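Look at the two complexes coming up: chain A is in both, with chain B in one and chain C in the other.
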Partner chain A sequence: MKRRILSGALLALAACGQPSGPPPPPLPPQDAGRDVTADVSRDTLPADRPAPDRPLVVAPGGGEFQPPRATLRRLTQAQYRNCIQDLYGEDIAISRPMEPDSVVDGFASIGAAEASISPRGVEQYEALAYDLAEQLLVPARRARTVGCTPAGPIDDACARAALAPAGRRLWRRPLSPEELDALVAVARRAAMTLGDFHQGLGFAFAALLQSPDFLFRVELGVPDRARPDRRVFVGHELASRLAFFLWNGPPDDALLDAAVAGALDTPEGLASEARRLLLSPKARRGLRSFVTEWLELARLDDLTKDTQLFPSFSPELGPAAREQTLRDFERMAFDLEDDWRELLVTRETHVTHRLAAVYAVPGPARETDGFRLITLPENSPRRGLLGQVSVLALRSHPVATSPTLRGRFIREGILCGFIPPPPVDVNTALPAPSMERRSLRERLQLHLSGEACAGCHIRMDPLGLGLEPFDAIGRFRRMDNGVVIDASGRLDGMDFRDFQDLTRRLREHPDAGSCMVTHLYRYATGHVEGDPELSEIDRLTAFAETRGNRLREIMFALATSDGFRRAGPTAEMP
Partner chain B sequence: MTRVVFARERMGVSEGFDLDGRDTPMGDMASCSRPDYVSPEGLRGVDNQLSQLAALLDLQTQGAVDGLVQAAVNNGQLLMAVTLEGVDDEREDPCVDMIFQRVQGVPTVGADGMLDPWQSYDPIPDTPVTRTRARIHEGVLEAGPFEGSVAVAVLDARFVLDLHGGRLRARLGEDGALTGVLGGGMSVSQLSDIIGTLNIPEAFMNLARSYIRTIADLDRREGRCQQFSAALSFSGRAAFVNR
Partner chain C sequence: MMKPFLSRRTVLRGMLGAGFVSVALPPLEAMMNATGTAYAGGTRFPKRFGVWFWGNGVLPERWVPTTEGAGWTPSPQLMPLMPLRDQVTVVSGTRVMTTNDSPHGSGPAGLLSGDNARGGSFLRPSLDQLIAQEVGGATRFRSLEVGVQRSTSSLSYTGPNQVNPPETSPRALFNRLFGEGFRLPGEMATADPRLALRRSVLDAVSGQAGRLRGRLGAADRQRLEQHLDGVRGLEQRIGRLEADPPNLAACARPMAPPEAFPDMEGRPQTRAISRAVSDLLVMALACDQTRVFFNMFSQPVNNTLYGRATAGHHQLTHDEPGDQPQVHTILVSIHEELAYFLSALRAVREGDGTLLDHLLVLATTDCSFGRTHAIDNYPILLCGGCNGAVRAGVHYRSTSGENASRVSLAILRAMEVRATDFGVGPGRVTDPLGAVLR
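Up next, the complex of A and B:
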């Protein structure tokens, strides 16, 4: 009840509007034309190798890169959690609901750039803010949170000493004197009413946590001196942008210090910090976040199948499959530092007891034994990402496989092709099995025989049929409704004999490399690229090829690229 | 093994094996007056006096015995594995090695109430492992006679039962599934001792001890049969036993 006394005042402080703050730092010297992409391998990451003084790759096509417009991005749920737990410890419970993520074009990070906060969301953020403030200021923790001992219920100096660093970390920039004064005033008024310094301070913390400066990533840039039609990210905005891309969390003190010192505003300084971030264990979390969004792995939490048809299915299978895929990506990127496309063909993967049973390979004797790294037998019909439950079960129906969904994932997710949605007046249901059309392959022929369907389905179904040896939960099978499964097909002019052959064709497909760069670009910048940005993606793709398509190299190149550092004007900011 | 049940006798018909090579009529003293049965396929001389004990247990537990055993299987308490090694042909192979052992793990159970296939289990240290030669003929695995042991764990009971002149016959199905019968002679004195260790009412304990003496039908020595014949029906799914 007490907390409601001042909530009106706090909301006024946290009212949405143009984010305020200290004036942006002076523009750095123009660095156009320089490229700081450098080896980011384990051996060289810590070293501050001199950056090459020329672009490593000339953009194919020759079109001039036009950066996207700058925008605000709301913290995703994962980013909110990571902010709190990175700054205050993993023992802080974030158990209240918050505004759900908005997924646009497959990415929550893109939706975040288009999302506002609903009235319900405001209430949820408010409740969460007070809950967190209370946890941060419980007696056992308050010494760590506050850092000073108040002289009495009213102690502006102590409140200021606590709120200045907290504000810097939560808002990811130093507070202006006016902002700090306002927060100290909130703490004072609440303490006067409640007769307790820490309870009063809790209201100021709640205000910090409800502010748009915390809930939104303010990345608007400053005018580019040499190109008035463009903006460039500098200082704290760039620090925040970098940290959320590479860590999916807030900048640490070292990164904020680098921003204050202007280090990020030089190519060398930016490269140095990008290297440091990519060597941090938090970079694994950043990669996991990207892979989770790209492959829509969050949907595995709600995976359902007809247990009459698939008695082995259980709700625990989806989360285990998600973790399997994430572990495989993490290992490929950070431990093996190998070409990410190997993930399409590798026989090495991580399994739990339950997953091993689905894959029919030896594994741990109990689920509580956790994950074990295994190598699938050489003669195993299964291999690579496309042979995992996370892909096979997610791109299936509850009662049957779906070569269309699976093929669409390959076409769009792996090759970045575009498949338009089906026309609204088309019946997408397949006919029931009959004596003439027993297998799914035979029934799907109808998709390819009608003009309205064939144009798109020819780009999906043949690829998805290559995954037919795996049922709707990902178990291997030889037969479909009494018919021996034929997994052969054709991929963009190349025949494939079976599932394994398909994975090899995909690994070598010329679009696979650029597609990964494209997905990372979308994730990092929070939007789907427009034509003027394709030259930048081409440049990054070509660079990735020279570095063996290693994910950490690609992330480094992207983090230090023009596509990441620059923005076009917004409608509000000419 | 995903399911293990006592092979029941009904109207003189029972699963099992002709363990003593005799088709014994009622009153034959060589089998201590216990009659043989006929298999469902019509083969005579089937020895399975355990079916009489099973009938008694059914009566005493109101038919709960199979459920208790199944629960022990499903919760991982009673996991038994048959492993085949050296199999060149799953339809015809005159010489394979069969390993029969209890294993451990925390299995997952499917919506059909049975252990999911292809699960992995660990061997149990210091637990008897029976290894014997076997053959596969027309997709049917046959092993025995062999001397083996069955480690049993049901509810709070843990014991090892020796199997004398053991036989196993199982049809190998697709994807490593199998269905069959395990049989052999069990020692009256050993089981009597085991019964004495069980947490059951004393009256029932005494009844069971007396009863197994009356059903003894094998290994007649010194005017008494020292063993009784037993047959267990089982089915199983493919699994892995970790090394």
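Up next, the complex of A and C:
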């Protein structure tokens, strides 16, 4: 968050040359300004919420909340896939390449709000569209896709009957007569040329799939009746927004029907649909998508580790580690329904045979046996998210650990602090291991002694050194280059003895809760919040605390919040 | 697939095979002008341009040649380019003038776009795309972005946030270039009614985008325009499939590279991948499939494990003590791959010259000294003859720290892009670096 970024940067400057800085002031408890008591759990009904046309709430101390500008968002690769498979079945193969996601500020969902489509992307989407159209219209499947029997090669009525519902699902809104006419014309011309109704229809499907209305999420809002300088998402746009946030996929027919009926434009209707979506199994996929982006888990596909140093490393380790982390989050949110911060300290986790070997615990006999839920021994040095390969190996170099990368992940990823990029024209060489400086901790002292380095590194390295008991792929070790590892340190004014102590300090850190809300807000809205949005994030954070920081509650509150439903003033939009 | 005409050209191609053995062709001079740079009738061989980029800078003291002018004495890191020295111009001593506020990011943004980068994106088009705007319309691909390191990041920008991701799978690159839709010179087109239908679909897509455009704000409208440009480009490309392919003697369909290049002992097969990509890129140019390319050999901040290095590239540039022998070895190996690419270009005969005579490659990196992220004394190589538009084979050392944008403007001039200036703010120049132009 901008406000905390600033205070963090000032803190860093103030801390220059000192062993550690004072703790950042905890956030003042925010009186949310109104009661948000909607509950997503199975047997509680959502409470009333202000209608979209009532005045916006002014959060105390934070200034008036100003929602962000509405933008087109390109479908991410996962969203494209989910659109096709949710609407047409998991057996549809999406085997061709498509435009890669663009990760901005750590999130593909933020990049999606800024990226366009490259010429090569257009080419790839075209090839994919024809591939999919062919699969949808093969003889064994066409009855399901089309829904009518054509009277001959040319049958505009049947084409129309097939394209109208397909358009509604793929473009996530009803098609205008003009749009439908254009598609029917494509199908007719192709059917005429090829002498085959279904082949002709395939070209119209290809047009649906290549249109910006499919490839981009068109969520632009309508003028807000109560505040003409604002916009508000209603109807189909809100349905689409909800579904992509909570499911990372398209609205289903029930949600589109709710949009048509205007149900989403009442607080009860919106809450009821948000609740339905969060109780669906697809919400697990939605959470997985968020966690994947937040923790940059896609990068685990391309881990490079020196196998001479790490014989137990294999290219399959990274993907297994990702699945471990995702399963743990999914279980915490949907099965245990507990405070997500427990994930920082828990000894319960999921392992495969290969992961169990890295963690040196009993696990499944073979990798093909899949995952098993285990509890690490009470005296295990390992626990929580930070003790997982997905964090430890990703935030390491190919041959060595990196307390700086690991510390930066804790500072930015868990606490939402801000670390500016390193200054230029600084000699960044570390001294070679010597008799005086054998361990990495000793060699890294350089980062904390020079004025140019210490201001920022003091906020990263001491935290990362707390993870030194785990090597560059995540195996436990006691020694670094012959020196017994000392994992003690200080986190924002609080001493920690060792790795386990650090995880406990993080679980209780005042910024951890708001940081999770911040990441979810960025993911849901597709941008990094500006100062005028902090009041909304503070309000949601306060609400999350009253709800025990349960992830599904936070997602529900966000999905029904002003930050999610409203768009800011924009002079450039007609 | 249709059988090709058995033309004289086809016979020659059969003799040549797909390799890059330089074989003197039986005389085709009847078609050439006196200097061999043009077809009969004065049509010159097309000029091509490309960027060859590697990440993490150089060790300037062992990169900059000690002598200036023609016949420059190769520095230790440029030694692999020795056999190509008469075709490689080294520019040292210029500096990127835009603010150095993003390590590994400011340098390429300044040199390639003349501006700062913001939010991880260039704010203006990169040099390759400025050139593609001028010359890209004539070929099947407006420009071609490839890479060696597995990544989807790129420094080729059509506009802000409009990045052109590289293809890093040699097999996928082969399929795109030489799979469906590729025809050898003289090969007859298959009459395919679907081509016209595909264009009608793209027409419908454009119409649909038009309906959306009116509802968008300025920024989104620009993003949609970019998408539409791509759609129109694809329409043109499909149209071109029905026309005759360019009649270039050296064009041949190369062998398909392996399906995958798995890591060996946890290390990527950088050399093998680079050579496969180079071979395909050279043939794409020889077949005039594109006239503009961007090769992301490696990414800024990449931590690739090279050869027997004890750590990743980026980590070594910062952590390796002393005069960084491992970084040096990596840099030599990178220049070896550049040399392989340039040699392959030179092995393709075009008229009485070579493909290398008819193109310009800007080879550069993201900073000068990797350890400090400095962007003065910027490492710049201009390779190839560019149809005689550049002074090839010299070392120009700027003693006054001239603006590196002057090199970029000189490249635009050499490529005959009408530009009176390049860059904005401190990155802006109006006079090209004359020392590298003819």
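Assorted remarks:
Keep in mind that, in the parts below, the second predicted complex is superposed on the first by the 513 of 574 C-alpha atoms of A that agree within 3 Å, B and C clash if a C-alpha of one lies under 4 Å from a C-alpha of the other, contacts with A are read in each partner's own complex, and residues count from 1 in each chain.
Quick note on the criterion: a contact is a pair of C-beta atoms (placed from the backbone, for glycine too) under 8 Å apart; a residue touches a chain by one contact, two chains touch by 3 or more.
Please read these numbers as outputs of a predicted model, since none were measured by experiment.
In the overlay built on the shared chain, the residue A:308 is in contact with chain B and with chain C.
Touch criterion not met for A:154: it reaches neither chain B nor chain C. Once the two complexes are overlaid on the shared chain, A:87 sits clear of chain B and of chain C alike.
In the superposition on chain A, A:362 contacts chain B only, with no contact to chain C.
The wider contact with chain A, measured as residues touched, comes from C rather than the other of chain B and chain C. In the superposition on chain A, A:424 makes contact with chain C only, while chain B stays out of contact range. In the superposed pair of complexes, A:354 makes contact with chain B only, with no contact to chain C. In the superposition on chain A, A:206 contacts chain C only, with no contact to chain B. When both complexes are overlaid on chain A, the residue A:397 reaches chain C alone and has no touch with chain B.
Comparing the two complexes, residues 307-308, 310, 313 of chain A contact chain B in one case and chain C in the other. Only residues 307-308, 310-314, 353-354, 356-368 of chain A touch chain B when the two sit together in their complex. On the side of chain B, the complex with chain A involves touching residues 103-106, 108, 110-112, 114, 116-122, 238, 240, 242.
Partner chain C is touched in their complex by these residues of chain A: 69, 71-72, 97, 99-102, 104-105, 114-123, 126, 130, 178-179, 182-183, 185-186, 189-190, 193-194, 203, 206-207, 210-213, 215-216, 218, 220, 302, 304-308, 310, 313, 315, 397-400, 402, 421-422, 424-432, 570, 572-574.
Contact residues of chain C toward chain A in the complex are 100-103, 106, 119-121, 142-143, 145, 150, 152, 158-159, 161-165, 167, 172, 176, 193-194, 196-198, 200-202, 204-205, 207-209, 211-212, 214-220, 222-224, 226-227, 229-231, 233-234, 237, 262-263, 265-268, 303-305, 310-312, 315, 318-322, 371-375.
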